[in-house]
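In what follows, structures are represented as structure tokens.
Two complexes are shown next, each including chain A; its partner changes from chain B in the first to chain C in the second.
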Partner chain A sequence: MMEKKEIYVLSAKQISVQQPLCEDWMSQPIEYQQPFNRSIDPSFKDYISPIEARRMGKILKRAIATSKEALKASGLETVDAIITGTGYGCIENTEFFLDALSKDGEQMLSPTYFMQSTHNTISSIVAIQMKNHGYNVTYAHKGTSFDSALQDAVLQLRLGKISSALVGGHDEMTETFYNILKKGGMMGHDDEMCGEAAVSVVVGARNDDYLCKILDFKMLHKPTIERLKAMAAKFKADFILTGISGDHKSDEAYIAEAKELFGDAKLLKYKHLFGESFTSSGLGFYVAAQCLKAGKIPAHLFVNPKDITDKKPSKILIFNHSDGTNYSLTLLEA
Partner chain B sequence: MDELIYTLKQQIIEALNLEDMKPEDIDDNASLFGEGLGLDSIDALELIVMMEKNYGIKLKDPTQGKEIFKSVAVMADFIAKNRTK
Partner chain C sequence: MTDRILITGAGVVSAIGCGKVQTLDALLNNRSGVGPLVYLKTEHKEFPVGEVKMSDEGMRKHLNINDKEITTRTALMGMIALDEALKDAKITPDMLPNIGFISGTTVGGMDMSEQYYLDYVNNENHKEYIAVHDCGSCSEMTANHFGKFAFITTLSTACSSAANAIILGANMLRCGEADIVVVGGSECITKFHLNGFNSLMILDTQWCRPFDATRAGLNLGEGAAYLVLETEESAKKRGVKAQAILSGYGNACDAFHQTASSPDGEGAYRAMKEALQLADIQPDKIDYINAHGTGTPNNDLSESQAMKRLFGDKVPPMSSTKQFTGHTTSASGSIEAVFCILALQNGFMPVNLNWSQPIEDGVVPVHQPLKKELKHILCNAFGFGGNDSSLLISKPEL
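So, the complex of A and B:
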């Protein structure tokens, strides 16, 4: 039997509604009172020349900044693959394009908004910026887009087809898009806060300053409870990072299911800080990896205050699901 | 003509998303492409769309663009002579 190759998370960077490109959220999280929030952007001039940046939407600038920072922190000069997950791609440019189409008709459309309204623009622009000619793929699978991108990287790393990958999770949220999602009952329930996600992680062979190890990873489509229980028994951890979002009805079911599957394991949350978006599971991955690296879990991440502990985490399981249909389990180890 | 040149500069800045630029920063006679503003072929497409939208000018021959987009002054002169709105 072929021996499984070990996979490490070498770096992870984010731009979100928390302070960008840093881990300030661990000690000084920003709290929001309103449900709609956009990310806090860094100065993009440090990453892209103004002449190049002028045609780019926010999602592209954020992807470039997080990717460049993640690559720098990984210590690698380049990666073998750039794999991106995005639920809705460059939605802001799509809006500009559709808005112009409805106002001015088909004859006078801006080529820039059209060119940069597709999902795979993100992965390709990161590759262009990094002068990377390797494997380049985009997964647009709504709530499991980041997980699908990670799965691709993990499978290829295990098979030895690649030795490193830059995995991204990128989504933006405009006010119009948020209102449409809210009207459709897809977002904005109860205390749920929406956010935007820009996460870039480099995975590959161990380096001197890695964040954590990916011990196991599995995606499941419409699993039975028996199948989930069998997986939960295999993916054992003291801490379970859940996607509890502030949607009371959904959270109740989520917590009940997590308790049934994982028993006494302590439940954690992150969406109250980073918000809900189609690739927020990428932010969950980032949060878990940084907690393992730091050797501590901030008190504000615990679902139940009684569970708060100073215990150094050795393993964190990220338990994500999208609409109760597609599940992913990612087991990380310090 | 001066008013048209100023308005045109504002429209170029908006259409091409030249964020840090003001109309005063663009020389009336400086080349728009190459060494001047450093615009490229996608910008040329944006300018064609902008002229049609704002002035009702539809370029029948795309190669005309090379002459028309030489500078803001040349562009303004062409617009003044050919505009339909």
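So, the complex of A and C:
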């Protein structure tokens, strides 16, 4: 096993159903009653020229805005790697192309939607905007898409192959696609709210200013409870950020498992504010990092009201899994 | 110098055959699998393609999959290749909980979504396929057919997806995150990307001609391939031999255009250079390059420039194998890595079929059968968006 280099989270920015590019959700969270909501977009004119923006889907504009803001806040001039996670990629353009293919046939298709339909469009458009020739990849693996991207960055930072990375988690949701996913049993359970995600974080060696440190990271597929317990013993924290989403049956199992693994640690949640998507775990990472930076955890993040405390958090473990299949554990320290 | 990454098993399926034996035979005998379209339901019969010569039903029978199990074509091809790779490396199901699986795909379950999209929108028919539209489901479907892997993830960088899966796997081994990882990719032809490539006017209605002055586009292909990457220590413990060594790899971004390569091949140049640097090998040690060589005017010119920048006037013998298989998109990186392993083991360079006229100022490919001992091979895979990767595959005993 190699020596673990210290890895810092230098910045984290989001566009979501909460106020964009700021931490207003800490003191003034927006509450939603309906299950389908799209993100609150900032003005994109500060980030992309209007000519370029006209041809871009929302997911791309958000990725450019959060990436540029994250880079600026990191204090770095550039990054060595751009690594993106996206569950469904550019679903709006995919939908337009599929719709035209299904309704108009195969003779009159325009290339515009196809050109911006692949998952890696996001990472590559950010690279084009930043004129960055470094390492560039995209992960598309369900609820651990962002986590896979983060893992890649952590591995390469440990190997010394890179000294910084821009890690993104991006998913958009259209009303048509939301209804399709609901039909497929993948969305819209009980009180579950769907939310689009656009998160960009810069990780790397320590800088003058930073949000928190990444102590450890691990991904597992269908682990046995013994394996999980062995991991939990290594990933100790006072606060556990869970991905409970309002899906009653799944949340019950999630909380029971978290209690079995982490005992008395206080459980936190974030999807009631930010919604569910394949890359919502990126928003979880953002929430944990900002709480550690702020030195406080807002009362509305506690799963159990009796756990609410003013205590300054020193470590937060992000315990993410989807349907008990793919797990990730991310241990952050102030 | 870093620890050696051993390749201890491989499996492949493409238009030129199912398994390494058929594949080698086709490569040695210049037998292409590109021909008229048979399996994909599309109006575009004018385009030659490199289809895997089996229907979905045929593959399901081949794999003993029961009638109730849901599958997609990409997952089925993945299973065929994964089965061979696991057997080849002597990996049994009980070992999987300690092995990672990393796969590359871009279409995922699009073959089903494009057939049933209007049903998904309008009625309840075929809704069981909604959950397998995404790329990750495709990897899990492939992996779950064999047991429980310790870790699964999916790369989606268009036509370099499988190459990047190989790179992640190597980095995981070097970090001590695993002793064995199975890496590669799978992709079937879909109406979605056939039409997409057609709308971009990069498909040739003739048999493709990479690196030829008259080249006019690519032929789509499909297939899957997986490699078993292993640490030296693990292979020794298990008593398995290295078939080849992954001695270097590079990934860079062209950062030029969404669907076109830069005129000077910046991304390709950086990816190849990084692979050489990681392996600490001088350019003159490269015996052969398996080029990305899609047959589009843009790619082949850009790739030629990148090779000339890196190797000067001594570009090693190189060829594209897309005339054999068609462009297998996300799977091309691992399918062609298997071709490189076969070339190393059998001492030959695959012929750049269907070539007659050099590109002005371009690189002349290997166009006659060439038997020669090979030690180091570069294998290129470039994707839309400038996601360029290069693998350096070497003989175990040098």
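Criterion: the second predicted complex is superposed on the first by the 332 of 334 C-alpha atoms of A that agree within 3 Å, B and C clash if a C-alpha of one lies under 4 Å from a C-alpha of the other, contacts with A are read in each partner's own complex, and residues count from 1 in each chain.
Criterion: contacts are C-beta pairs under 8 Å (C-beta built on N, C-alpha and C of every residue); 3 or more make two chains touch, one makes a residue touch a chain.
From a predicted model like this one, the values you see are computed outputs, not experimental measurements.
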Touched partner set for A:D104, first chain B, second chain C, both or neither: first
Comparison of chain B and chain C by chain A residues contacted: C
First (chain B), second (chain C), both or neither touched by A:S145: second
First, second, both or neither for A:Q156, with chain B first and chain C second: second
First, second, both or neither for A:A334, with chain B first and chain C second: neither
Chain B versus chain C as contact partner of A:M231, first or second or both or neither: neither
First (chain B), second (chain C), both or neither touched by A:I51: first
Chain C-contacting residues of chain A that also contact chain B: 107, 109-111, 115
Chain B-facing residues of chain A, complex: 50-51, 53-55, 104, 107-112, 115
Residues of chain C defined as touching chain A within the complex: 42-44, 97, 101, 106, 108, 113-114, 117-118, 120-121, 124, 127-128, 130-131, 133-137, 139-140, 148-158, 164, 168, 171-172, 174-177, 191-193, 195-196, 198-200, 251-259, 266-267, 270, 383-387
Contact footprint of chain A on chain B as seen in their complex: 15-20, 38, 42, 45-46, 49, 52-53
For the chain A and chain C complex, residues of the former touching the latter: 1-2, 82, 86-89, 97-99, 101-103, 105-107, 109-111, 114-121, 123-125, 127-128, 130-142, 144-145, 148, 151-152, 155-156, 158-159, 161, 176, 179-181, 183-186, 219-222, 224, 278, 325-326
